[in-house]
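Next up: the structures, one after another.
Both complexes below contain chain A, partnered by chain B and then by chain C.
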Partner chain A sequence: MSLMGASSGRQVETFRSALVGQPARRVDGRAKVTGRAKYVADVGIEGMLYGKMLLSPHPHALIKGINTSQAEELPGVWAVLTARRIPGENQIGVVLPEQPLLAREKVRHVGDCVALVAASSEPTAEKALDLIQVDYEPLPGVYAPQEALQEDSPLVHRKGNLLTHLKIRKGDVEAGFGESEIVLERIYQTQRQEHVYLETIGTLVTPQEDGSMNILASIQCPFYVQKGVARVLGLPLSKVRVIQATTGGAFGGKEDVPSEICAFASLLAHKTNRPVCMILSREEDLRRSSKRHPMTITYKMGATGEGKILCAQIRVLADIGAYASISPVVLYRSTVHATGPYEIPHVRVDTYGVYTNNVPNGAFRGFGTPQVTFAHESMVDELAAKLDMDPIQIRLRNGLKLGSQTATGQVLEESVGYEETVLKGMKACRWELKRAANRRVSPSRRRGIGVSTMFYGVSLGAKGWFLDGSAASVQVHQDGSVSVAIGGTEMGQGAQTVIAQMVAESLGLPLERIKILPTDTGMVPDSGPTVASRTTVFSGNATLDALQQIKKKLKELAAEILAISPEKVTFRDEQVLGGEKKLSFDQLIQACYQRNVNLAADGWFVSPPCSFDEQTGQGNAYYVYGYGTQFAEVEVDLDTGQVQVLRVTAAHDVGKAINPQGVSGQVEGGVVQGVGYALLEDFIIENGKIQTPNLATYTIPTSLDIPQVEVIIVEAVSKDGPFGAKGVGEQPIIPTAAAVANAIYHATGIRVRRLPIGPEILRRAILKKETGNMRGDHR
Partner chain B sequence: MDVFRYLAPESVEETLQLLDEGAGGVKVLAGGTDLLVQMKERGLRPGLVLDVAGLHELRGIRMEGKYVWIGPLTTHWDLAHSALIREHGLALAQGASKVGSPQIRHRGTIGGNIANASPAADTVPPLVVLEAEVELRSLNGSHWLPVESLMEGPSRTALRPKELITGVRFPHRAPGSRSQYEKFGSRQALSIAVASVAVAAVQEKGRFARVRIALGSVSPTVVRATRVEEILTGEALGEDLIAQATASVAQQCRPIDDVRGSAWYRCQLVEALLARILLCWGEEWMAG
Partner chain C sequence: MKEDSPELIVQLVVNDRPYRVVVAPQTTLLQLIRDHLGLTGTKEGCGKGQCGACTVLMDGQPVNSCLILAVQAQGHRIVTIEGLEQDGELDPVQQAFIDEGAVQCGFCTPGMVLSARALLDRLPHPDEGQIKEAISGHLCRCTGYSAILRAIRRAGEGNKPRK
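Coming up: the complex of A and B.
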């Protein structure tokens, strides 16, 4: 810092704040808060058409015929398309080829699309939809996974309703239960959750003169869109270019579904040779987008009298919905994480994913982990209560530490911050004091505090390893500014800022000199999806790889100019230093350009190896894990059953926190979404029909419903992460629901094993308990 | 949304004239928080939309003789923040402050809330217990009708197609009287009432008089809980009385099951909300 010389202290602070490990101002923040950021809906092109989907009114029906002639004749209508008019393959399934883009013979859920319209205005397109006649023959449907597994159940797909069965076999569970002094068996149930990103899915597709397509879209995974559109249009990948528009949230909901929407718009653009804009209304988005899988989890756990967990037998039954989406990968994660962050000698897990005629479930922040975490963290709490143990003690006794073996037999050799998150969080929330405090705040109000812990495998793991490479392209311009193209996307999580910080740190430059370009398939090689909390590590390492190449050249030239050896050259505060000597970064860049030194480089990073044996479920499932502990304090109104979450203390081990400010933001957001999952959010589908079609019926927390959140960052660094980072995006939503449920138990003595814990359910339970106690004791 | 005719009349007279000519297919636009949603999402297709937002004489809150007069275009925001309303009809200020979100409270009007006739409307139970009336005016003249008699069913009122709401009023607060509104929604803001309760009463020598109780979201319209009113009248507030009152309030409800809550739960809620109001008053009465 002394190198700043005459600079004032204040400037020094601002400058230093850009570097890794310091809170940085979001590089995309100003444009977003001032309203200058352009989302897809803000981008208009002259002569563009509006695309609309005709969605099935039936959850399961045969299509006997479609008559589009009336719609085609409507003035202003440019195209009406059905499954018969697809130039390429009518297929959009990202994991399995079982999802037609447009339904041809039958519809399998109420979001299935049977026809598309492009018109000169949105109202005209809507009117045209009304004029399309579809002759359906409704079929009996299947709406619950339990029913779907019965032999005489209607089939969603010809191959049968069981999509996948994943297993873990470790040790001998029967022997484990035999040795156990206490065995508990419980059933936990979770609901469908909707992402409710602020901006709905949308795209603007512009056909080019050579027949290629330029796609601007609100998405998470541009490379998925590229592949999906190429497949449907029968185009080579080189003729489909996807650019991510400023994206207003995603949470997994923009992983695979936007490929469908972009393919719809591309079909219409291809047919009309006009730009086509397609932006979903909130109602269309709710109907069409994937949801978090509802699961029924049967949990049996055995332990010694001292609370040492000996065995766990877990059966997970997940509702896939009508199409696979990326369910096999989601359920892989549920399986690997089913035992939670505990070392358990004997484990048996069976996870079943079953087709139904419900809206497909897919990726959602946490990716199959929040459900199983609600189960294992409720279970461990129930075990502690039975054994009269403190919930913290049972967790510390069984929690993962260095050298522990996970349920998949993976030995953890580095970066295990579990215990530290428990201990630091416990201290910050004053656990012992709160646990012992008087829970009665008024005749009808009770307070309580609960804890929940989690672990989370970073990136795609063994099941997605083939997708787990990432690219970056870095260029140092003549004026010493730097532009960086990465394959990971910014969807609001702060990816651009952390990448810019890494570049700034690496080259000793202020953040303002770094520009992260919008993600563009035309500029970066396929970098896999932006999911699984992988961008900081994967785009970050790829960027560092590119920087390494550039810095090698910079060092060589600097060494020559300064007459020292290259390894002595360092970059700091816009200076290039070599022992006692130095020159400015700008001077060095000028020298490079005068000598035709190429200051552009491409970087690449591939995941460390992972493994998973399909028969035994043994292997190094993910290359590293993040850990976290949350403490929730609640107040329960006994008369109405309403729960207010007052405060959540959240301690998360994220490896090195590149931008602590960003980490805090992610944790706060995750907790808020977790509180919604715990208490409020439930996307209800009855007999295939959506009962919560809008945001008046599907309610999420408002700013008045959210707790105070205290964030504690734990940094157990990972050797494979840039600067030791592990990633944070998904972890904070994972433990919240169980922490709230456990706090409700502490407050009321009532154990609710089903999410969401709505006021009516809780009021019923309170009443039942009161009558069970012969008379109400709360008033 | 289809094409429709839009007019913004410049006076009440002109509005009444247009309503008279327009017969059935006319809709009056005030804040638009209900009407525009119905037109955009629920297929409502009026032939003519009359935008009355510019009729400033229909806006405002003032004392008028023995009444507090409220212009029907007065927004929920203004109601919630009016010292006059807080002084004379606290329940109405509380109800208005619980409508939707700040954005909706700035646009939505009391006249619109009444005309929309939702059983879950947040201003209606307070208006009913405050003995409020609405002025209905047409070319043939005007008359005042109690809010309670106006409500005929969900989205159905005694308001005739040619009539316009031109005023809302309720009597000054009598000495010793008070009112309160409690709402239960699934969250703290932007929620439609699962159940709501408004109570107004006078305390005379420690005993209840002129008790009025109205319940929201538990019947096709906002309803009075007359049996509970009788139970309370003439009695002093105490634990037994509260128990007796809450035990009989559910009998006055005809709720439905829907995605927001079951009929059973709505009955639980009106009991809890009524108890909450009475307990709160009890503590204050005891405290003097």
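Coming up: the complex of A and C.
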């Protein structure tokens, strides 16, 4: 991608005109390529202790007793803690109060923590863990949601195994099926996926002289950590300060789980009054962190003979794991998005979230949408095949447009880029040509192309509306440089760069004058979580709100100096312009400081209203939606069942793209995570025991597994977004798996309804089909 | 760990600077670099040689420093990410990573940059397959590798091999 406005040569710090809508180099790029960026494990403090967790070996067991005395006597051990020694509340559940921080009476999965150790070195801490004796009485466990719903199932929690049941009731599905000329019913299954952010979760907690805690950590959601730690230590929120360290990826995996790790380290720091660092090993991180929910989705769809979809009846069964994590909100999203980006008159959705003794599932990029999208996009493809329609035509016939009504009865009044993503992507990938091309490239190799589409509600929607305000704090310094504190976090996605671009654009300054500070609960009010593709919009709007207040003062003084009216003042290229007259930005700032004009301001932005009726599932579920279409081209080896994804064309409507280079990076990365989800990744737990405990057994795509990715940015601007932006983070992983599955069907005629589509599964299906063919069942 | 292990002396050159370091026998090269020399640009992603984040150059060859004992580095020349920048001037690979958007979270970046540097020293104008092969031992979860491939290609285009 060309970088407009960038001079050649040593231009790292002088990408002057990287304003809104132009590709901008990352503001943190130089620190990261030189190794200077400080992740939490890179920050050591003299005298700090090392914290370690003792995790349960059993997926379900009663704790009859814990003996820590031998561990406590080991030289170098400073503290051994169990659930009995928690000063505040032994509770860390972020959505529901059902997750003890330290297990007391029983353990519910193999990541449950029963004791903590702080020691002067990591090996000593590990030795101490070995000396703790825990007397367990193993209990029968339950590991599949179908079984967990049966009456005689073991109970994970006393209240029963059904955590949540969400519903949509729109129109009359029975009447809809009656009118339909074709009805299909299929079952789709998806697997557990692990985030594999490259940096594991970690924290360094430093107790302060007044008993408060300073927490530096690798996190997505500092305000969750603040609340979690305050609750466990029994401290007021004002005495828990959380600062985000440079964070090495998150993808949802650092939404709620880091609150647990930070609370562990804080307990040890509180007990010992020493700094405590706790950096998870990869094995600990895989064992304890949340995953993407495996789901079984029973999908029944009815349509006319011309491919107009009339009704959809959908049952989603999700494995929650041992604790709720963020599941009720994830499943809200699955429910709202279950019908896909289609206008369907009659809809019935029932989503069940069920406890098991598996590792908890929670937030993961896409947040409950990739699973249902695999189902609806496979289903629509199957419907097109039955009707002998082009898969694009059936999507265009039913796709959302301005004025459409969603499954929740929401009428879309603005910013619907669905059709444009389909049409632009179709053209770019040369759909018709590829679709008609010879699929046989050799006797044993077949090629195919498939399509998949999606929509995604921006931010938290009705279920999270109470968390959906965000703050920013902007200060223009005396030398005309600007610091900005935002409540959203940078975890690699490029948030700091887009915020800096907005400030630069708004004040007419080069990017290098803008400093985005590390996110710090001591500097910015609670801004909710950094999730749901909301940071560009929410931190962006809050920043613009603060800037507006500062600019009002700047304009007033400039108007006075230039003797014009304030409305005529504009900011460009480090100049303050007023008609013919101008002064430099620096002169204006000097003038402000000489007259004691306060150039600091706090901004705030609240989500536009959303609604959702629990009984009918009707309402304006999210304030606006992003849309996307992906086309996957695959080559299948019939002898081995191996699939290579050759190319993915990904068209995404993100509203205004503040930083097109950043948007492309999000899409390229999301597509590859999606290819992993489609073909490769499966976090396997058998009878509660993890079978993929490390990165040799849980494999993600490498450079040898990737397709060529072509990114097409569609900009259906949103009136509520900063400069019209809608955000992009989650979108690109959502449609990929179904596009790949549909391409495999096009290549081979084999429909796989279960992820991941590994070589064994596909090879078996190919053999079955060949056997069928030999019996005369030729296609 | 130092308290109950015998100690060994390792002499090695890191980023052109000679060091004499006292370590425990089980200390890895990664621990030596991070904990003893304070060069924290080298990252630990898994500690098992499965992710490539801890890659450094040993006599010009990329190695997983978590799999090498410090004593095995005795007498060798090591380059870490801190050794690439010369007098404030970035290595062309580092610059290309910035220009092409090949950096997101940045945790894989130091290792990835060093493997790319080693590749370009060996093959000044590598083809796509050679680039993919050279970084196939490095996991990146953010970028999907495309931008990294572009960056390495770009760095190769302006290549005048170093030294």
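As a working rule, the second predicted complex is superposed on the first by the 757 of 779 C-alpha atoms of A that agree within 3 Å, B and C clash if a C-alpha of one lies under 4 Å from a C-alpha of the other, contacts with A are read in each partner's own complex, and residues count from 1 in each chain.
In this section, a contact is a pair of C-beta atoms (placed from the backbone, for glycine too) under 8 Å apart; a residue touches a chain by one contact, two chains touch by 3 or more.
Everything quoted here is computed from the prediction, not taken from an experiment.
When the shared chain is aligned, chain C comes close enough to touch A:Glu199, but chain B does not. Legend: residue contacts after superposition of the two complexes on their common chain; A:Gln208 is shown touching neither chain B nor chain C.
Look at A:Asp42: by the touch rule set out above, it reaches chain C but stays clear of chain B. Contacts of A:Leu680 after superposition on the shared chain: chain B is touched, whereas chain C is not. Judged by the touch definition given at the top, the superposed model places A:Thr702 against both chain B and chain C.
By the document's definition of touching, of the two partners only chain B reaches A:Gln691; chain C does not.
Number of chain A residues touched is higher for C, counting chain B against chain C.
Of the two partner chains placed by superposition, only chain C is touched by A:Arg25; chain B is not. In the superposed model, A:Thr34 lies in contact with chain C only, and not with chain B. Contact with both chain B and chain C is seen for A:Pro123 once the two complexes are overlaid on the shared chain.
Residues 123, 694, 696, 701-704 of chain A lie in contact with chain B in one complex and with chain C in the other.
By the touch criterion stated above, chain B contacts chain A in their complex at residues 1-2, 41, 101, 184, 186-192, 259-262, 265, 268-269, 271-272, 275-276.
Residues 1, 3, 6, 10, 12, 23, 25-26, 28-39, 41-42, 76, 121-124, 195-200, 246-251, 281-282, 491-494, 661-662, 664-665, 668-673, 694-696, 700-704, 706, 708-709 of chain A are the ones that touch chain C when the two sit in their complex.
Against chain B, in their complex, chain A makes its touches with residues 123, 283, 444, 637, 639-640, 642, 680, 684, 691-692, 694, 696-697, 699, 701-705, 758-760, 763-764, 767. Remark: chain C residues 1-3, 34, 39-48, 50-51, 53, 80-82, 84-85, 89-90, 94-95, 97-101, 103-110, 113, 131-133, 135-149 touch chain A in the complex.
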